[in-house]
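Please see the structure below; I have some questions.
Per-chain residue numbering starts at 1, and chain names A, B, C, D, E and F are given in the order in which the chains are listed.
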Amino acid sequence: MTAFADLTLHEQMLLTYEAEQFLYREAALLDDRRLDEWLELLTDDIHYWMPIRRTTTAKEIDREFTEPGGMAFFDDDRSTLAMRIQRLSVGRAWAEDPPSRTRRLISNVQIVRMEGDEVETTCNFQLYRTRLASEEDSWIGRREDVLRRVDGQHSMAPRHKNMEQTVILAQNMSSLF
Amino acid sequence: MTAFADLTLHEQMLLTYEAEQFLYREAALLDDRRLDEWLELLTDDIHYWMPIRRTTTAKEIDREFTEPGGMAFFDDDRSTLAMRIQRLSVGRAWAEDPPSRTRRLISNVQIVRMEGDEVETTCNFQLYRTRLASEEDSWIGRREDVLRRVDGQHSMAPRHKNMEQTVILAQNMSSLF
Amino acid sequence: MTAFADLTLHEQMLLTYEAEQFLYREAALLDDRRLDEWLELLTDDIHYWMPIRRTTTAKEIDREFTEPGGMAFFDDDRSTLAMRIQRLSVGRAWAEDPPSRTRRLISNVQIVRMEGDEVETTCNFQLYRTRLASEEDSWIGRREDVLRRVDGQHSMAPRHKNMEQTVILAQNMSSLF
Amino acid sequence: MAELMAGRGDWFDAERGVLDRRIFSDPDIYAQELERIFARAWNFVCHESQVAEPGAFFMSWIGEDEVIVVRDRDRQIQVLLNSCPHRGNTVCRAEQGKAASFLCSYHGWNFDLDGSLVGMPGEDAFYRNDIDKDAWGLGRAAQVAVYRGFVFATMDPTAPPLEDYLGWVGRLGIDLIASQGDMVALDGVMKNRLKCNWKIAVDNLYDWYHVKVSHGTAMRVGFLSEASMAPNDQMVILGEYGHGIGGPGLSEQQQAEFEERMRTGEGAPQWYDIQAARRLDPAVREQLGPVGTRALGHPNIFPNLWVALTRQVCLRIPRGPLETELWWFTFLPKDATEQERRTTVFMANHVFGPAGLLEQDDGENWSHSTRGATGAVTRRRPINLGMGRGHDAVTLDPSGQSCIETVVNEHGQRWTYQSWQEWMRSESWAALEADHSQPPEGTV
Amino acid sequence: MAELMAGRGDWFDAERGVLDRRIFSDPDIYAQELERIFARAWNFVCHESQVAEPGAFFMSWIGEDEVIVVRDRDRQIQVLLNSCPHRGNTVCRAEQGKAASFLCSYHGWNFDLDGSLVGMPGEDAFYRNDIDKDAWGLGRAAQVAVYRGFVFATMDPTAPPLEDYLGWVGRLGIDLIASQGDMVALDGVMKNRLKCNWKIAVDNLYDWYHVKVSHGTAMRVGFLSEASMAPNDQMVILGEYGHGIGGPGLSEQQQAEFEERMRTGEGAPQWYDIQAARRLDPAVREQLGPVGTRALGHPNIFPNLWVALTRQVCLRIPRGPLETELWWFTFLPKDATEQERRTTVFMANHVFGPAGLLEQDDGENWSHSTRGATGAVTRRRPINLGMGRGHDAVTLDPSGQSCIETVVNEHGQRWTYQSWQEWMRSESWAALEADHSQPPEGTV
Amino acid sequence: MAELMAGRGDWFDAERGVLDRRIFSDPDIYAQELERIFARAWNFVCHESQVAEPGAFFMSWIGEDEVIVVRDRDRQIQVLLNSCPHRGNTVCRAEQGKAASFLCSYHGWNFDLDGSLVGMPGEDAFYRNDIDKDAWGLGRAAQVAVYRGFVFATMDPTAPPLEDYLGWVGRLGIDLIASQGDMVALDGVMKNRLKCNWKIAVDNLYDWYHVKVSHGTAMRVGFLSEASMAPNDQMVILGEYGHGIGGPGLSEQQQAEFEERMRTGEGAPQWYDIQAARRLDPAVREQLGPVGTRALGHPNIFPNLWVALTRQVCLRIPRGPLETELWWFTFLPKDATEQERRTTVFMANHVFGPAGLLEQDDGENWSHSTRGATGAVTRRRPINLGMGRGHDAVTLDPSGQSCIETVVNEHGQRWTYQSWQEWMRSESWAALEADHSQPPEGTV
């Protein structure tokens, strides 16, 4: 089975382009509040995971993140993600009414692994949110996603996000990252 | 007439690359204060439009933006844009003397429509501005541009920008977005 | 010798893709604190330069930056860069213990010159840093890099960075840009 | 501050036209402004066309208190504190819209459009029906009144009636825009923030002196004519409690010539023809009076409502001593032609607001004038407000209207700071009514 | 503020259940809270399992003072001010970890795990051995004590012993979680910041009234059942110094039925079976007492430790009058099955925290309730705390435990504010001990 | 604060070498520093080579007041408040440059290079020539003086002459850099902000104790030698009003050996040869005096100018109690060789500044030392300034120069805080001159 590195530069570029455009499309769906369509992009085995990050000494830097299976800000599967989205449609989801305004800036898209139908990508993101008259939040971090080709279309398989903040400097994280 | 979706992936990638490079070039001209050259990029029918955004309930979210023809932060045609630029050259444009320092980060470039000589693109932007010793402003939003090929060169046709802020948290918007 | 502009669009795109991926890889090494590997990317003649920027009137805008050979925030060659990196490994480099969390968002990558084994690129960057519980810094600016192909691999030759700030609004710049 | 807090503030020397900068930066003075000016004055909150239908609401501010302006079922306009009496939560988070009632998102207390508490979960089961609902509605402004479509509210029950508060000058200020037709507010209020004290923004509306320098580029690129932007002939009208109108005016002779020209169609058109034209209508002249008919300047409804010549008003909302929020409202006559609409929108979208070709040059001057009130040494130095002081005369028209016909001047600003000082020194409305100055007569 | 600073603060009218909003925003009141409440009370800092080994440390906060909680070589838990006596530098910058000693990064003073100054560069050459090392160690909390694994510290040497401070209600509050097994804290404390006053967050933990409205969506999407989230039957237990427990409770009859059902295995399972089940163990019942055994509500250890039903505790750390940091700790019995671990983690990761399906709807209500205490006019208006006041009775159990069996109510909040006022009025611990109210008896 | 505001501040106990942390965080103390220290002292603003030609200006700060340092047509150096007397607007927004005059961007008042008001639009037409232009120029520093190219200004007309203010110690401090040649400032001032109190930064310049620990990495990677960075032999020179010099020094014997080595060319070179070499010039020795000739340490010109050994000076500009801005100026002799220029620039670009291999490790220690002065409990704890106290002696040289020859110590810091306290207690310059301490004699 061919590894990504074995592809011609041109093939690599094509794959990267596909991945970029997929990630842009995904971001646009969230920014446009088209959450049901976003949900469609996810594979059934998705693990939507954002660990807790801690400030440690250089010596203990390996303890910086909590481990899967433990405490986390996001630790969702498809069903809990569906709940998050359904909440917004049943009304009285105060954290999002009035709706927030969000903008997701995706950059540094790289393909780090290719295997069969899957490519594993990393990218950096900035999620900017404003609410009400003048509340601003900005979250910056790195994402790892696995894109799987399911009958010709790309879908998102397990996905990890790392935030740069230890204390979340926002009243809530009612947006999806 | 072929739609963008009908192109081969390779053709799509080429077009997107062209659009990206055009948008980067455009951003660089503004950041480098080469405003006359920037003006050259615009078609005569450009409509440079930034509506007012309002916080509404989820129920009334369709009233979020003001409509073209109504009130707006930017509602310019080529002639008023030319005025904005000319101002800076005739001296005493205090808002820009000393000149601001700006940096435009363009990301998430997508082609959403192709028709004849035109491609319609969307992208997200962050316009970062500093002034004097320590004034910082950052505007983040989404742009919709139409790029038209005029004798081989790309030019900018009607263009819309949406800001995320409702109350503009800056003393002025003396930069072009 | 062919200039970049003389290349086919497809060739230009390939080169740009290579440059982008190189810059993303470089950013990832720094964000992942793999500094020794980062150092490997540099050519021996690198000049890592960040001038001091000043607020001037429009009339004297040509005096905005200090000149090479004069005062600067960064004015490093390979040996001083090696020192900066070595510091972090010998312990007690307090500015980076506990280690900062950084994320580099690279955008607007353009190739502005091609000559023999070298391509000269420009890009915009946002370096976001958090430290301890809640200290946030964000530096935004523009980079000029020369990428040189050394036995098939890209390496970084002389490199300049311009920051947008005049007064650095941070307690230190213990990160590499 | 001691003196001021004791009500004996001595910050503006009207005799010498010299002002103490600290009023632009001192946090204690600012705190007292919220109590003695904004919590006491009649404040413009919005236009009735913005709350046309029952349930239509518009969110506004009185000082740092957010209020819901809403049309209730009886079509009465209500001005309600946007804070729930149960725990204080904001009951309405949208800037504008249409509501059937205001349901608090925290525990579900429900308030009718007139602010009355209509019910809550568990009124019976949890409250055992032992709560005096009449006593726990949303806070209401003490008084609400509408003058020719402009909605005002005061938090002070002892404030005089709106029309008395405005006096002929305040009313004239509003008439200048209200007389342009059956006005409606266009959708879309431009809002932005400046790092300046709110009084610096008010001072500027009387300021026909800064135009040539601050906005020179707008003239140079031919966006606006110098004649229209910076005429030397000025007319200043001062009213009780700090209201005023300052800016271009037509002398009686110019007015006569203008009417003649209109009648005969002969003579060169002037920049003011369009605005003055409406005033050929006898009804409008009657309304504006002989002096008002000749006024082409900027009214300020004390404390912070600027009526601009562009069919706009700008509200200056204080956000701390060093910050102000500007809100631009734009109006159009109901019967405006498409062309008229286009012209009005074009002006509104290009002159003012943060990207306005004029206003973008103001912000930094205002924020730096405020900064100039902060340094330990700098703030000790007086501000000069002496332009024209002692050189002009108030002429009293038989109609009872009076005005100062002169050139570019600072009469309006001096009157503003003098009145501001009287507001700040008064313990109550009664004291202010008793002690406030009447507009000057004779030499000014 | 004068009255308050003079110790005569009169902010809460317990008779009428009416509160002055300013306690949520006034900076002087906040400054006094740091002195009279946080610098005086016993504050929870962490769980002993988080500092299990000598050298293991966990950084925590007492008011705005950062403290290092660390196990020293003698296995004693020390609570040390994280500031070097030499120039004040922070001696430990990590949130948690393992240390051999604390070496100050500025000049290298070195502190043992018990805070004592063990040495510095140049003690001989530069200090000429003329420094009283015993006098210059890290500041130590005046008292440190552990109750069933929960570590508390007070900065006031005159504070009563922890167990007396907690009283039976505070102890019961901790027992409700401590009795679930030999608990250990899971790795990972969720931290985030809200723009709300810390008391608004405390108030909310007694608030079973907001659930249906604030968290309605969580029920509607079937994440949690209404029965478990918003039962009407409530049980309130009030303790000295402001401790309390409020929320669902089983009447004696329900308790009896429950036990019968458990015994016979007949009857429909209830949402509380899981939690109540543990309490069939006689030892636990003995521990909790007849009343505590029936309690299913939320304890608060005054001032700011919420013991939640999800095997979590939430510390509310003040960050100025208008900001609060929330820290979520999660616990698991040492002998938990993998399934039990999964359930606990699932709940902890989805219910609370900034992304929690419940808590994400709380933040904005709290910050806006705080905002509602800031406007010059708005803050003059009282807050209503009258729910159920005067309609319930305290029943005293022969065991000496007492409680209020009722429906959704605001007894817990009233008790909190009344006690808060007593803390703020007291010049010292002696005064507080002498003057503080005993929990109410009879009608409440 | 009461005591302090009453002028009886008792924050530093010189006898015990114990300091109250609150002086690093209390906003009232900070406000008083702006009045009693910065608005009163002689402050360094820039070097005359930075304003070499008429019209050349450099923007600087005295406390929180921004000043324009400019060379006028008569080649006099003027220090002007950067705020227009008309409304307070900033008249010059660039950091440096060349101007023909200062034209205010708001209304166009125009100020000559000496600050005098030369004209304004409408002086005749609008002001009716009725404005006393002489009275309304830009505010000028009360006194401006230059010592060997270093420009100083004071806002207090009663301040003593600069040379008296500096005294022999302040003058020596500047001589140490001025004697290196005919110095000019290099283009480019490094500026950055730290979250620390300005006094923490000043304290640090006397601090040869932190070097090994804070900057250990710079030695370990061979960037600088330990001998040069952290020599044990120290020499402290204290002057009136808080000036001082602290750091390495050569004993008379070392000095003799050094001269012998230079004469004979025999013996191992030392790290200080380069700096000391210049002092073989009899003229320089004459200038520096026998004691000064042996000094290799860090001068501080009270309050906030550090003269560094790298041919740099660092100004510490207060930006509120918890923030300070650092400005690095770098100098070179006019006749420097290319090699010398390279070396100086290399050091300046790599040692200090926010990215400096040394300084990047200081920032966080300073900001956290300031943080250590904020917690309600933490700030009650004293700071230890006792290093070497009572163990050293002041030796008086026949020349009249005196110094303390010793090891690493805190004499300089103690003298700084003691003098600071005298400045803060004095109602006026007269009081300060009368009451300030003379530098210690005998045992210190």
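In the analysis below, contacts are C-beta pairs under 8 Å (C-beta built on N, C-alpha and C of every residue); 3 or more make two chains touch, one makes a residue touch a chain.
In this text, all values refer to a predicted model and were calculated from it rather than measured experimentally.
Traced through touching neighbours, the fewest hops from chain C to chain E number 1. The chains that touch both chain A and chain D are B, E. Residues touching across the chain D-chain E interface largely differ between the two copies, under half of the numbers being common to both. Ranking C-F and A-B by contacting C-beta pairs places C-F first.
Each chain gets one centre point, the mean of its Cα atoms, and the points for chain A and chain F are 51 Å apart. We define each chain's centre as the mean of its Cα atoms; on that basis chain B and chain D are separated by 34 Å. Once the centre of each chain is set as its mean CA position, chain B and chain F turn out to be 48 Å apart. Looking at chain E, one finds that residues 93-95, 105, 191, 193, 213-214, 364-365 touch two or more other chains. In chain A, the residues that touch at least two other chains are 13, 55-57, 88, 91-92, 94, 97-98, 105, 107, 126, 131-134, 166-167, 169.
By the document's touch criterion, interfaces exist between A-B, A-C, A-D, A-E, B-C, B-D, B-F, C-E, C-F, D-E, D-F, E-F. Across the complex, chain A meets chain D through its residues 92, 94, 97-98, 132-134. Residues 93-98, 186-195, 213-214, 216-218, 220-223, 325, 330, 345-346, 348-350, 353-355, 357, 359-361, 363-365, 367 of chain D are the ones touching chain B in the complex. Residues 93-95, 105, 191, 193 of chain F are the ones that touch chain B when the two sit in their complex. Per the touch definition, chain A reaches chain B in the complex via residues 13-14, 17-18, 21, 24-25, 27-28, 31, 33, 88, 91, 96-99, 101-107, 126, 128-134, 136.
Chain contact summary for the complex, chain F toward chain D: residues 31, 34-35, 38-39, 62-66, 81, 83-90, 93, 104-108, 121-122, 125-128, 130-131, 136, 139, 155.
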